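So, here's a batch of structures to check.
Each of the next two complexes has chain A plus one other chain: chain B in the first, chain C in the second.
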Partner chain A sequence: MRHALVLGLAAAVSWLRASAQAPDPTAAEFDKFREVLEQDNPAELFEVKGAELWRARRGPKNASLEQCDLGLGPGVLKGAYAQLPRYFADVDLVMDAEARIVHCIMTLQGFTYAELAKQPFSSLVRTPEPVSLVTYVAAQSRGMKFASPQNHPKERATYETGKAIFHYRAGAFDFSCASCHGADDKRIRTQPLPNFTKPEQAIRAVQGWPGYRMTGGVMHSLQWRMNDCYRQQRFPEPGYTSETLSALLAYLTVNANGHVYRGPGIKR
Partner chain B sequence: MADPMKIRATLQGDVADVRVLIAHPMETGQRKDAAGKLVPMHFIQNITAQLNGKTVFDADVSQAVSRNPVFAFKVKGAKAGDKIVITWTDNKGEKRTDETTVRAGS
Partner chain C sequence: MRLESIGALALAALLLASCATPQRDYGPDALAMMKRDFHARGIAGMDRLNEDSVQATCNKYQDNPPEEVAAKLEKEEFTAIKWPADGKLLGDWKAGERIAQNGQGMAWSDKGGVGGSCYNCHQVGPRESSFGTLGPSLYQFAKKRGYGADIQRYAYGKIYNAKAYSLCSQMPRFGHVRALTEQQMKDLTALLMDPASPVNQ
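Right, the complex of A and B next:
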């Protein structure tokens, strides 16, 4: 029997205390702790839920998502997540995983964007369907290398847009993503911050997402994570599954290309 | 209806290592919602495991267990292909049963 939350808090406290003196051995201990947690990650529950939702006939059109094309052909899930964001000719846009799943829910099942975007993020009482679905889809790329393509001109243009968004300073704090994640050895309090402009560190932007947060016991997707970054920067909230977020995710994922994706993660 | 469990049962020698992930809010009855009202208690009270129909694990648990909990235990004398059935019951009388077969370990 395990109390994930209590363990998580205890570990966070001891990690905070220790990392003030010697960051490296503590980071290793923290990795070990994370490894133990990953053996029984509640994210798997959302994976199971997502698998059910994928096959369930729902919505005004009473259809399943089994014909959803995530870039490798209708219904092909194996490895699809690791190759997103990518260009989709049917919408003439580059889409990230959740944006594409939402697109499929709208076109195949007939739900409206307004319904899906009303409360798109998980809470204690509710996990939105796209979050479970993206967890299921992501799990089908476990152990595969990130390979978000840069072949189509729109993919290259979107990468450049994402790069510009990443470096765009504005808001009440005159912040950009790059203010915290654009240089080496930055930290918030004792939390070390990865430099996402470097390939070997960019993987940390996309690894472990979608992730189960022990604080609160909720499952979150990258759409939520990007939204929360903007909230912390005091920016206006970006639109759910908007082109802005797909572009930002394209920039981060392409930077992380070549690294192995370990599947849905667990966060403290 | 309650969401499905995730059950793994892996054999090591003649001992099966059983790990069960359960989707459950596990409300203690102490937490307040956004409106300041107490969220009613809602937690698993009993969990049982059966190996080929014989009860091998029967636990009474309380609110002290976390949301979406993990239960892990070992069963002696299990063989590959044996059926493990897990059932939980909560204080509202809701229950859920899921099953898996014991897999040979590495």
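Right, the complex of A and C next:
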């Protein structure tokens, strides 16, 4: 399966390069390619793995995650992902999906943050448990509208803080998130750049994640995506599941509220 | 008359209420959060989170500073440009093309400055169709503007420090932050300015 994907990717890349003269048809063709792949989405393998992990008794406390509260009550998964980030009174914080799952792994199963944050992103030889878990959880919101709440004062403050983080220019190249994602109809090379400050485009920040990435052939979550953006922004590294990333994800998701989530997807 | 004065009172109360809840500036909260949550990795130290005077001004005014504020800082940035000691601004355009193509450099996954990332944002030479559109097209740069010493100086200076010309430009300050060496900037200037460069065909 991986070989077929790699071959398909190689063909797509050479085709993209050859036809890059007209960037918009290129993007359209890539979308078609993605649609074909989505009918047999490798993300489903990680969804199944995540389902097993959710029910498995693991860790020093030998417990499952079935009592994990993702905002709709202990063990309620249906629609939970589409309503994250949200405020959690038990920690007095706004958390995104992966931050909350990591919190549950720590509190219910007894793993430490240091263990989970040591190598938090997928490689060809290893997919961290939270990545499979977030894929499983996300799949339970497939077809539902994003509805990250703005009711609690901390949810509103977190959105505003996330907005400020999004626009903060610094670092070696004077970049902010908005340098690439703050204007309409821009590209890096042939890659279109959605304007995340606009609701109708902000959906593209969260749609398709967690996603099976054809570059490298691994499953990645939004935590990885935010991390890689900061690498390219020439910033130091943000902490895994830190408040900064939850705030940034709150800003992006609230902007995308009302749009239908299509479930774990496929990324270039 | 009575009704009118009640109306005026209500209006005044409304105005007061709206003044009492001004839009809060979340910038300080954001920066404090980032300073707590980020860590140094590779060449990307925590000092990169601190704004310099240009970044602070552009952040404060959302990239739209008052003209006199911008002019003063642009002048400071311009004065700090280090022009080549030998007075020559044009290097080898072929080397320049390779530097323009290379999008690596200055990230925590890099060892230092490497490439100019030019094609990420600009159309440059006519043979590369994979180019970005965050910046303007540079195709036929000198053919359109002229090959004179003043345009050469403008090209080199803009690569060295784009903020010396437009304070809140989205373009990095390649010379100012030592992302590119003097020779690399000369090679890029040649890519834009050499009459033999494909850029000017």
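FYI, the second predicted complex is superposed on the first by the 242 of 268 C-alpha atoms of A that agree within 3 Å, B and C clash if a C-alpha of one lies under 4 Å from a C-alpha of the other, contacts with A are read in each partner's own complex, and residues count from 1 in each chain.
Methods note: a residue touches a chain if its C-beta (ideal position, glycine included) is under 8 Å from a C-beta of that chain, and two chains touch if they have at least 3 such contacts.
Note that the structure is predicted; figures quoted are calculated from it, not measured.
Engineer: I'd like to know which partner A:Pro128 touches here: chain B for first, chain C for second, both or neither.
Structural biologist: neither
Engineer: Scan A:Gly263 for contacts with chain B and chain C and give back first, second, both or neither.
Structural biologist: neither
Engineer: Examine A:Pro42 and indicate which partner it touches, taking first as chain B and second as chain C; both and neither are also allowed.
Structural biologist: The answer is first: A:Pro42 touches chain B but not chain C.
Engineer: Between chain B (first) and chain C (second), which, if any, makes contact with A:Gly239: first, second, both or neither?
Structural biologist: In the superposition, A:Gly239 contacts chain C only.
Engineer: For A:Glu52 in the superposed arrangement: first (chain B), second (chain C), both or neither?
Structural biologist: So A:Glu52 only meets chain B here.
Engineer: Going by the contact rule set out at the top, does A:Ile165 touch chain B (first), chain C (second), both, or neither?
Structural biologist: In the superposition, A:Ile165 contacts chain C only.
Engineer: Of chain B and chain C, which one contacts the greater number of residues in chain A?
Structural biologist: Of chain B and chain C, more residues of chain A lie in contact with C.
Engineer: Which of the two partners, first being chain B and second being chain C, lies in contact with A:Lys186: first, second, both, or neither?
Structural biologist: Once the two structures are laid over each other on A, A:Lys186 reaches chain C alone.
Engineer: First (chain B), second (chain C), both or neither: which does A:Gly71 touch?
Structural biologist: The answer is neither, since A:Gly71 touches no partner chain.
Engineer: Overlap the chain B and chain C contact sets on chain A and report the shared residues.
Structural biologist: None.
Engineer: Sort out for me which residues of chain A touch chain B in the complex.
Structural biologist: Of all residues in chain A, those touching chain B are 1-6, 39-40, 42, 44-45, 47-49, 52, 124-125, 212, 217.
Engineer: Report the residues of chain C in contact with chain A in the complex, numbered from low to high.
Structural biologist: 24, 26-27, 29-31, 33-34, 36-41, 44-46, 48-51, 54-55, 58-59, 62-63, 103, 106-109, 119-121, 129-134, 163, 170, 172-173, 177, 179
Engineer: Under the definition above, what is the set of chain B residues touching chain A in their complex?
Structural biologist: It is residues 3-6, 19, 21-23, 25, 61, 64-72 of chain B that touch chain A.
Engineer: Touching residues of chain A toward chain C in the complex: what are they?
Structural biologist: 17, 20-21, 157, 160-165, 167-175, 179-180, 183, 185-191, 193, 231-232, 234-239, 242-245, 247
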